Structures are given as C-alpha cells and as structure tokens.
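Several structures are given next for inspection.
Each of the next two complexes has chain A plus one more chain, namely chain B in the first and chain C in the second.
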Partner chain A sequence: MAMKPSARPEARGRRIRRTRMFPLWALLLGALVMALIGTSPYYGGTDSYVVQLIGKFLCFAIFALSIDLIWGFTGILSLGQAVYFGIGAYFVALSMKINYTLTHPTRYGGKIPDFMEWNGLTELPGFMEPLMSTPIAIIGALVVPTLLALFFGVITFKRHIYGVYCAVITLAESLILQDFIIEYQAYTGGFNGITDYGNIREPAFLWFIIAVTVAFFIIARFLTHSRIGTVLKSVRDNDVRAQFMGYNVANYRIFVFCVSAFMSAAAGAMYAAWVGIVSFLDTGPLFSVEAVVWTAVGGRATLIGPFVGAFLVRGLEFMLSGSWFADYWQFFIGALFIAVVLWIPDGIVGSIGNWLRKRRTGSVRQIREDADQRAHDQQRDWEPAGARKPGEEVV
Partner chain B sequence: MLSERATTLQTTNLWLIALGAAVALLVVLVATGTITISQRYISQMMIGVSVAAILVIAAVGLAIIFGVAGVINMAHGQFIMVGAYTAAVVGQLGGNTFVAIPVAFAVVALLGLIVERGIIQWIYDRPLETLLATWGVGIILEVLVKVIFGPELYYVGAPRMLDGGIRLIGRLPYPYYRLFLIGMAILMLAVTFYLVFKTNFGLKVRAVRRNRAMAGSLGINTARIDMLIFMFGSGLAGVAGAVLAPIKSVSTTMGFSYAVDSYMVIVLGGVGNLLGVPTGAFIIGEAETLIATGTNSVIGKLLVFVFIVVAIRIVPRGIFGYQERR
Partner chain C sequence: MAIIRRKFLKRSAATLGALAIGGAAPYVFSRNIAKAQESDTIKVGILHSLSGTIAIIETSLHNAELLAIEEINAKGGVLGKKIQPVVEDPQSLVQVFAEKAKKLLLEDRVAAVLGCYTSASRQSVLPVFEEYNGLLLYPTLYEAQECSKNCFYTGAVPNQQLDDFVPWIIETLGRKKFYMIGSNYIYPKETNREVKALLKKFGGEDVGEEYAPLGHTEFSTVINNIAGSGAEVVFSDLVGDSIVAFYKQFKQFGFTAEDLPICTPITTEQETAAMGPENAVGHYTSFNYFQTVDTPENQSFVERYKAKYGKNQVTNAVMEAAYFQTYLLAQAIEKVGSTDTDALIFEGLPGQEFKAPQGPVKIDEKNHHTHLWARIGKAREDGQFDIVWTSKDRIRPDPWVDYLYPNKDCDFTDPKVMERVKKPWREEKNRSGTIDL
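Right, the complex of A and B next:
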C-alpha cells in the first residue's frame, strides 16, 4: 500500500518506515533456488523422487505460510487449518479420479471410481457430476474453503470468540471432517483415501507450483508490509486498543482468515494434483497442528520462517525415515513442540533476525530507549495540523 | 467488573429459566400424555444420560484446570489414556476398577506434577503456547506408552459385581456399568464441588480464580495453587481413564477424541463455573444420542458441533461462563 510521501512536515512522525517490496536477498535466494533446481541432475527424470519431494514441500510451505498469516501476524491460532487444505485437495483428487476412470475404462470395469464400486455404487452420484469438469473442480477447490472460512469467521470473530476458544473449535471442526470422510467412504474413499488417479508428474508442473508459491509469498509480503499488515499486527498485540482506534477488528480477522483459507486450499489442490494420494489424514487435526509447528519452528511473524520450518521438519523426517529413528519420529516432533515453546519462541528465522538486529542496533533495551527518545523528540515539536508555521503567509 | 458480572449473571439466569421452563414443559406434557414419546426414544434418552456421564467424567478434570489455572491442557486425552493403561496394569495384577481408581489418580496426578513443574510453570502467561507445549507432551506420552506397552489393544473387564444389568421400560437392557458411570460422574462432580466450595483450599482456589494479583498480594501462593489444581485435574483425568477403560478398548490413541469432546463440553457449558460441565455434557450427550438414532454418529457429531457453534454465537461465554473469552 503505497502511502504518498507527505509534503507536510508535521506528518513526519506518522510515516512508517518503508521496507522494500523485493529485498535483494530474497531475489538472490530465489534465483539460487531456481538455478539449483534447473541444473539439478534429478530434474531431468520425470519419476525422480527429489523433484516430487520439492513440489510436495512447497505445498506444505504454502500451507505453513497461510497459518503464519493468521497466527504469526494476526494472533488467531487455528488448529483446523487442514480442513481448508483437505477440502481443496479432495475437490481436485475426486475430479481427477472421476476423469481418470472415464479415460481408462479398461482398467476399471465400470465408469465410476474404484472406491465407489467397492461400496456398492453403480453410477456417479448426481452431486458429483459437476466435478467431471476440471475448471469447476478447481473453482470449487478454491471457493468452497474460502466461503467456509468466511462463514466460520463471521460466526466466531464477530462475537469476539478467538484465542483458545477458536483453537478448540477449529480443532473439533477438523476432527469432525475427518470422521465424516471416514464414514462416507463411498464418496470419499474413506480410510484408504483416493489414490491412483494419474497425478501430474511433469516437471513443468513443479514450475507452476514454484510460481504459485512466489505469488503467494508476494501477496503475503504485500499484505503484511502494508497498512493492513500494521493493523493486523496491532490486532494481534492489543485488539482492544486497535478497536478503540476505530478499526473493525472482527472484519480484519475475517479477512485474513479467508485469505489464509484460500492459500491453504490452493496448497491442498496443488498437493493433490502433484502427489497423487489424498487421505483423511490430510484434513485431520494432527496435520493441522504439525503445520503450526513448522511455522513455530521456522519463526512466526516472519514470511520466510514457514518455508524454513516446513522444509526443515519435513526434510528431516524424510532423511530419517529409513533409519531406526523413524519409530521415534513422533517423539521427536513432540519434543520439538516443547523445545520451541520453551526456548525458541521466535523460531529459527525470528531468532536469527533478533540476533542480527541486536548486532546492528544494540540490545533490545537500547532500541527501546532510542525509540522512546525519538518519540519524545517528536512529541516536543508536535503541533496541530492546522497550525501556522512562523513566517507563513496568511492570506 | 462488578457490573459486568451482574449483567452476565442476569443473562445466565434468563438462560437457566428458559432451559428449565422448556424441560418442565416437556415433562408435564409427557406426564399428562399430551405428547407421547415412543419407547425407543426414551431408551435412547437413557443412553444419552450415560453418554453425558462419560462426558462429565472426562471433562471435569479439564474444566478445573482450564477454569482455575487457565491452562489449555491438550494432553488431557493422553492423561486419560495413561489412566486407562494404569487400570489395565492393575487388572493384570488382579485388581479391579475399584482398586484402579485410586492408583490411576495417584499415577496421573504425579504425571501432572511432573508436567507442571517441568514445562507449564514457565509459560502460564502464554496460553496459546501452553496449548502447543501440552500437545507436545501428549504426543510424547503416546509414544512412550506405545514403547512400553506395545501397539496391541488392551481390554479391561468391568468388576464382577457390575456385570449384568437392569431392565428399563420397554424391556431395554441397561447394564449396571452404565449406572456405575452415572454414579461416578455424580461422585466426581460432588468431590470437586466439595473441594472448591467447602474447603480452605477451595477458598484460595476461588480467590486465585477471581483475581490472581489480589489473591497473591493477600499472601496466597498462587503458583502453588496452580500446581495443586493441575495435579488434582490430572488425577481426575486418571480416574476418568480407569473408569472408562472397561467400555473402550485401551489403546494409545483412545484419549484424543475424549479431550476434544471435553473441550466442547466446556466451551458450551462455560469456563470457570463447574455447573457448566454437567449442563454442557447433558445437552451434548442427549443431542448426540438422539440425532444418532435417526442417522449415524457422524451426523450426530456434526450437527452437535454446528449447534455448539451457533450456541456460542448466542452465549459467547458458554451457558454458565462469566469471564471474558480470550
């Protein structure tokens, strides 16, 4: 949100320090990652696991970014964000499965997906017919979760229900969706999930995922470094005061919740198309909370943190999956929860940021004193907006 | 503060009066024969009462931790699970549920003490992060129990004297164990009420709950109260595990859904008032059972969830709650 640099000298105190939209380090890092992927020997083969893994992790990172937006920047802890991820994923997976079955009739006897056949359906249920069209499926995957988030947000945030209550309710929401998917296995694949629907394996799709990631990163940066972002942070830090300042706190919360749900849904949709397996676990509370931990590990209220967290935790899990440690992976995750909360509440990126800031400008105390001094200075030469400068012509 | 409390009490009273009137009307209508409820529904309602009893048993420990210490204990389900495993061990050693209850209370209270001293005491001022840390505790407990006891399910038998059952109207078999559960729920509530409202300790607990800073300045060791309450709540979770073990196969993942259900009960009933627990549990238990009769349990859960969300839209603080929600 570009604020015009004010010509009025008395507005000086109100100007917030502008950060560059695309800092140099981000551009360099992006170029480096692109170059690494482009020249990677794994990249050539269509079935290479590493490429598949990068796409998967990017989807997870977008998901973590969406949680960072609501938790890190606005202070809404949702433990059911996987609901939106899962709905997006299921829309795409169901659509692909239906179409795949139609185009591969030799593989399946009937015209309907195998899990429906196993559950005694003979034809595609009417409410699923729109999913035969890919655009409708994609629109559904993006719009339905956003609307759900809007509905949920209107119900809860308008009544000042947030914090712990929001966390508990979203958790229950996610648990119920999971139960729902397991129960109605004729339509959702149940416990086995939906698999074998000819997921997109071309490396070109990876570039699409990267492009979407970059786009979401830019949107998130735009959102958090603009005036809206400042309001969101003030809502997080002191919502009563933000309300007192005249901001409609509930609407800001609902807005950012919807943006977050949209991002989660997009991540889920791409995940389903790329990975080729969607199950009830992708909508469940465990997945939601794990994503919260990625964000916490990377550093909430930083935009790069969710990426670091998602890649680090999932990468570690992947690397250790073959070893004896795999059995104790959950133990490690649990210990990580506690360790992050107790010792690195700012996460990796946040801690590094704090350290750098401290090096650059001195200790936190110093920063605070400087800020106080600056505020004090500004206070002294403050004058009402309509006041005349000495020597100003009066017409 | 005072005025706020007064107004909310008023709304609470209105709700109570409305609820009571509705129930009374229903009872009168049924008694006079104006409307007849089929026996199927009566039996379902009786089952609903026992479901509500289970919810009370699971939720009361959580309610006191959440309401007094303000801690969001996400490991509550796993505490219940540990209690159930304790009951399983006691069962293997030849004891029955009645022996298991005090043992489970002691074991899980000790566990609660360790968790509180080790982790939670450092983060009382950050409730959302307590939530994450206790979630981590829950995961660790699940893994540890799985390592110690293996992945197989354990079955705990009900005590011999609670075998069999009575027959209600319509020849509906109603096991003694369900009656035992109802009695147990009432007992746990009664003990908690006694502790909170009739003892010196409870007086301090209420003081801390009402105004922490003031209680502290009057010489109450608030940190110690928090610790004891956390221990007591954990112990109640252990009792819940021991009592619920015979009705469910004991596995490492058994606790999670109990924890979520308990949170729903507390959200609906209201934090900080123990009356909220039986009220919330009764409404949820009956609604779930009655809806599930016509459809299935998932639809029941879904509709109850929608109902709870709508209900807290109307009474954001829960039916009995008066504290600001955050």
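Right, the complex of A and C next:
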C-alpha cells in the first residue's frame, strides 16, 4: 500500500466528522431562529408579511436546493426546473380554488372559478373533478412532475444530450408549458394566474414547511455524501471517464433529475398553499434562471449555499426595491452578481468553506493533499468498478 | 480537554448570537411601526413596477403620481401635513405586488395606495386590501364587472369607451362589418362581448373574431383572414408589443386607414410613438383623454410633466388617471379630516370631483368607479391624435352594463351591502358591492 500514513490520524478523523455535522447544525439553528421570528407576536403572527416572506423564501430555497442537486453536484444545467415547481403549484392552487369557490361565490355569483366563467364555461369540466379531493391533488402535485421529469430525463439523457443542449431542451419545455397555461386559460387562469383561494395561513403550516425543508436537506445530504453522490460528482467532473469506469451515466442523471423534480414539485405545492397566488411566471425560464443565480451566489455544490443564496438575494431584493432605492435597486443586485462571479466564484458558502479549510490546514498544497487523502479514504468505502464478484456477468 | 471547551464556548457563542439577532429583529421592527404612527406626514403608497416587463408604462404612472404629490405639497399639503410617498417596486411580478401591498398596509400604515396597472396585479392585491381594510386607487382602464369596497377605479370601464364608439363607427364612418382581433386574456374577451352586444343593438355585423397570445408579433395569417372576411373595420384589443407589430404588418400588407381603419380602445400615444407614427396614421382610438385635449388644465399638466421628466415625454390616458386620482385622494382626506379608511371609503371619495386634464371628473356616489369623458381620436403623422368627437357630458361608469347584465348592479349605498362590507373581515369575507336586482 503506497498510502502515506497521516501525521495526526485522530485529528483528521475529527475534522471530517465536524465538517459533516456542521451544516445540519446550522440549518437546525436557522430553522429555530426563523421559527422564533415567525411566531413572535411583534410581527403579528402569521398576518405579517415577514412571516409570509419566510415561508415563501423557504420554498424558494428548496427549489434552489433541487437545482443545486442537478447543477452543482451533477453538472446538468436545467433552465426548466420551474416546470416541476409550477406543475406542483398549479395542482394545489387549482384544487384549492375549486373548493374555495364552492363556499365563496365569485364576482359573477357562480360556484366555479371565475376564470372559467369569463371563458364561457358553466360547470367544472369533468377531467378536473378529481381535483376537488385534496389528497388526489397533493399526490398529483408530487407524482405528475416526477413522472414528467422521468420522461424528459429518458428522452434527453439516454440520447447523451447534456450540457448546453440539455439547457436548451429544458428551456423549451418551460416555454411550452407557459404557452400552454396562457392558451388554455379557461382551465388555468391564463395570464392572470390563480389568486384569491384562501391560502393556508396557520402558523402550523410554517412549521410544516420548515420540517419539510429540513427533511429535504437531510435527504440531499445523504444523497450527496453517499456512494451515489460520489458517482454524481464524477459524472459532473468527467462523464466520459465515469462511463469507462462502468457506470451507467444516463441512469444516474435520470435518477437525480427525478429527485430534483420531486423536490421542486413539493416546494411548488407548499408555495401555492402558503402564498395564495400562482401565475404562469412560476413555470417560466426566468424563475429557473433566478434559482440558478441564488445557487451560484450561495455556493454551488454546497448544501447550505442554496438556502443562503435564496434568502440573501430575495431578501435584498425585497428590502432594496422599497423606499429610497426603488429606482436604483437593480444596480445593487447586479453589482452583487458581478462581484460573486469575479471574486468569489465558489459562492458565499463555498468561499467561507475554502477559507476555513485553508486556515485550518495552512496552505493550498496541504488542502490538495488532504483532498486526495480524503478521496482515497472514501474510495475504500466502496468497491472499485473493476472488482466484480466471481461469476457475475460482465457487461 | 481545552479543545473541547473552546469548541463548546464557540458554539454556544454562535447560538447566543443567532438567537440575539432573531430576538432583536422584532424590536427594531416594532420601533419602525411606532415611528410611522407618530410622524407628521401623511403616507401614501405608490405601487407601480419600476422593473420587469411592464415597467415602461408603469414608470410613467409612478411619475405622474409623484408629480401630483409634489404639486399638492407645494400648495401646502393636506390637513397641514405633507404627503410622503412610500415607493415600492413590485417588479412586474404578481406575487410581489401582494407582498408589497401587505408591507405598505402593515408596516408603513399608509393612508392609501395608488397603484397597479394590469388586471392580474389588481386581482392579486385585492384580497390583501380587503382583509386588512386598505384603500387602493387603480388608474387603468379595465374589463369591469368588479366592485370591491376597498378599491376605487379611476380608469375607464368598457361602457365609457364603447357605448358611443361602436355606434359612431357604424353611423359616422358608415362601416358595419367588424372583424375583432384581441390578445388572449380577460380584457379583450370581455370587451368584445360588449362590442358584439352593441353590434346587435345598432345593426352592425361581426364577421370574425380572433385572439393572439399575449406578446404575439406575427400577424400575417390574421391579416390574411381579415382580407378574406369582407370586413369594413378592424376592431383591435391587442395590447403591448402586439399592437406595434400588428399596425406595422397591417400597413406592410398594403392596407391604408381609408380602406380599412383599425378602431381600438387601447392604443395610446405611447404605442403610436413606439411603432413609428406613420404606421398609425388615420386609425381611430377611443379614450377619455388624449395629450391633445384642449383644456387649460391639460396644457399645464403636459407642460409640468415635460418640465419634470423631459421634453420628449408623452402623456396618455392612464397617466392622466394616475395624476388626477392623487388629487381626488388628497381632497377626500381634506374632506373627512383624517386618514381613516372607512371614512375615506364611505364619505371622502364618493362624489368627489376634480378638474382633471380631460375635463371635470367625479367619483360615482354608488359604485366606486369614475365619471369620465369619452373622446374619439384619429392618429396624426406626429403620433398625436386629432380629436374628432367628444361626448357632450362626462359618462356614468357602469361596471355591469345593462345590455349584458340586466339584473346586476353595484351599489355601495345599498343598506344590505353596507351592512355586509362593514362587518369585520373574520365574520364576512365578501367585500363586493355587487347586488342582484
């Protein structure tokens, strides 16, 4: 064995454990702080717009995390991830709207959603009746986007379409859905979107969003730090080599794409229930690009990065677009993006991580050696691709 | 041991720090609210997108409102206090409209909000205004069939733009066969429904109806259809970039305004400037205001607007509504002597009159909409409109026009409506003034 024995093995062991535990701890603390703010009486409970914003930002953060999984960890740049977010959101919003109008007559006095009425429908179309049941709507909101992602994943990744071409295809997917929503406005609300359907505002739902966020974070953490995660990263860094090693690169891509779509859909579903307004913009490419920017600002291929990015960028946008800065705020946001790209390409969290590691280990050379060492350690966790069990068929 | 203790100290310090931030934020926040309450200004929210897809038109509304506020303050303000505009940029995103509205109402405690442009944005903020009992003044022409307790509509509703326009086309222009083309969303659909009802009433004929997706810019098929339909006039409810593309392609196809005029309740000076005025020459627009309106109020409005925002600026109907609604609000606050929302809604604003650039306007006593003038303009070479017809008097707004909805009306003086809308929101969520006759 050519491995150089470590100078302080037990110290390294602890360090690795600490970097593993840290983000979860930070997230739990973040969740606690947010919950404290969220339920603080000074904000007037869930009536306050700050609480509303927190719930909304959490949904955005999950969405950014889902993009980080495919872009940061696997190297698939999708500009159509909002499709899955949007479909999830529309399922929930439509279901809530249909049920809401049963007890709250529209301005026309009818019992079906107002956008159906001004498009000449007199009763709920048959294919939308299942949406009256909440469980069906929730299942639809989660399953349909995942299946759609599976379908798109199969037709793109199985044909070895990735990189820029994949970005273009996902972009097209997003534009198609947008056009579809605007065109079939009798069923979707069209350009005006769906609004006024009595969104959920109990504090308990904010807790639910926080719980789901933590759950998704943990899932993402397990996924990226497992054997699958290592393969995903190798696909990102050099997919040809990964294929030579015997991995079915397409299947790994499809898998992570579906997981990401599921997360987006869940974020969209909670978003629709919490915010109470869904429009075609929530399915558009701009929204996906925004989430890519959040991820880049926070730090791609880190798990807290998307959270930091979403909260920071959206929070700054909200604060700056009011009062004195209303005319100029976009300059500040633009400057932030340029600064991130120029000086901290690893994003905020990534750069802090680099800095901490550098401070701890001293020099870049040492970091590299450390990384090599770690990679080597991890490689022993799982069998190399070449080592097959005797008798197993080699494909 | 030392290492563990240090780690423990670090972590607990970080935890305490985070908790301190979380705990302190509400106090900072509540102090802001307290400050807002004891200030000696009257806060008015301005909620128009300054960025995003509809920023161009909304910025002009924002400018017109700021101009009016500046003028009111220069004359001594309202109730001896200055009006303080609280500007928010909702970024052309409907969700942000709702959040910003909530912020303006709950944190800034504004007396009223001047804002919104699209129907989508209005519909997204209305539930917020209704729940927190705010006051919104909305300057855009829109499809009507709505009246909310918490909203005053100072833009035109279809009956004010169409009731005279359609008969005028049939009788004065002598053109009976209408081809309707519109963008595919609620406003054009509702407008065309009224046009069709009017055609039936005045002996016109509808020879075709088509809707293009919003932002659509390729109209050769549509123009071919028009050419083959035997239409004598094109009635267009296209909005935004589609207008520019349609007029240009219409001209390229060889149609002139003499052969086949385009009549529309939407195209303003803003669009004729954008498409190049030579493409619009001779086509007709029906509006309550044009920049060429010959009143002393309008001359001084245009002058002051250009002095403040630049010589090349044009004014249009929605801007004019944004401008005069600011004055109507100031007068209403002066009348009731406070910024109490219910007082403004039930006593201050109904019946309020103002000499607007388009002529004297008045808010209807019953239905929260505004009595406006009707005019028909013919586009000129310089992008302005020659006014070829003006109504004899301002026209009463009717959000539920009689010939389509004979058994509906909107009346906030009706005791049953009053009883309902004055109830707390938690007991009664219906804030509409619509009644069945």
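For this structure, a couple of remarks:
In this section, the second predicted complex is superposed on the first by the 306 of 395 C-alpha atoms of A that agree within 3 Å, B and C clash if a C-alpha of one lies under 4 Å from a C-alpha of the other, contacts with A are read in each partner's own complex, and residues count from 1 in each chain.
Heads up, the rule we're going with is that a residue touches a chain if its C-beta (ideal position, glycine included) is under 8 Å from a C-beta of that chain, and two chains touch if they have at least 3 such contacts.
The structure displayed is predicted, hence computed values, not measured ones.
When both complexes are overlaid on chain A, the residue A:Thr156 reaches chain B alone and has no touch with chain C. Once chain A of one complex is fitted onto chain A of the other, the partner contacts of A:Ala211 are absent, as it touches neither chain B nor chain C. By the touch criterion stated above, A:Leu171 is placed in contact with chain B alone, chain C being left untouched.
When the shared chain is aligned, chain B comes close enough to touch A:Ile338, but chain C does not. Within the superposed three-chain model, A:Val293 lies in touch with chain B and out of touch with chain C [touch as defined at top]. Look at A:Gln330: by the touch rule set out above, it reaches both chain B and chain C. Of the two partner chains, chain C is the only one that A:Gln52 touches; chain B does not reach it.
With both structures placed on the common chain, the touch criterion links A:Glu183 to chain B and to chain C. Shared contact residues of chain A with chain B and chain C: 179, 183, 330. Put simply, chain B touches chain A in their complex at residues 72, 119, 122-123, 126-133, 135-140, 142-144, 256-257, 260, 263-264, 267, 296, 298, 301-302, 305, 308-310, 312-313, 316, 325-326. In the complex of the two chains, the chain A residues touching chain B come out as 77, 79, 152, 155-156, 159-165, 167-169, 171-173, 175-176, 179-180, 183-184, 285, 289, 292-293, 296, 328, 330-331, 333-338, 340-342, 345. Of all the residues in chain A, the ones that touch chain C in their complex are 29-30, 32-34, 36-37, 40, 42-44, 47-50, 52-53, 56, 104-105, 107-109, 115, 118-119, 179, 182-183, 185, 190-193, 195-196, 275-277, 279, 281, 317-318, 321-323, 326-327, 329-330. By the touch rule above, chain C contacts chain A in their complex via residues 14-15, 18-19, 21-23, 25-27, 29-30, 50-51, 86-91, 93-96, 98-100, 102-103, 106-107, 119-120, 123-124, 126-127, 145-146, 184-186, 189-190, 213-214, 408, 429-430, 432, 434, 436.
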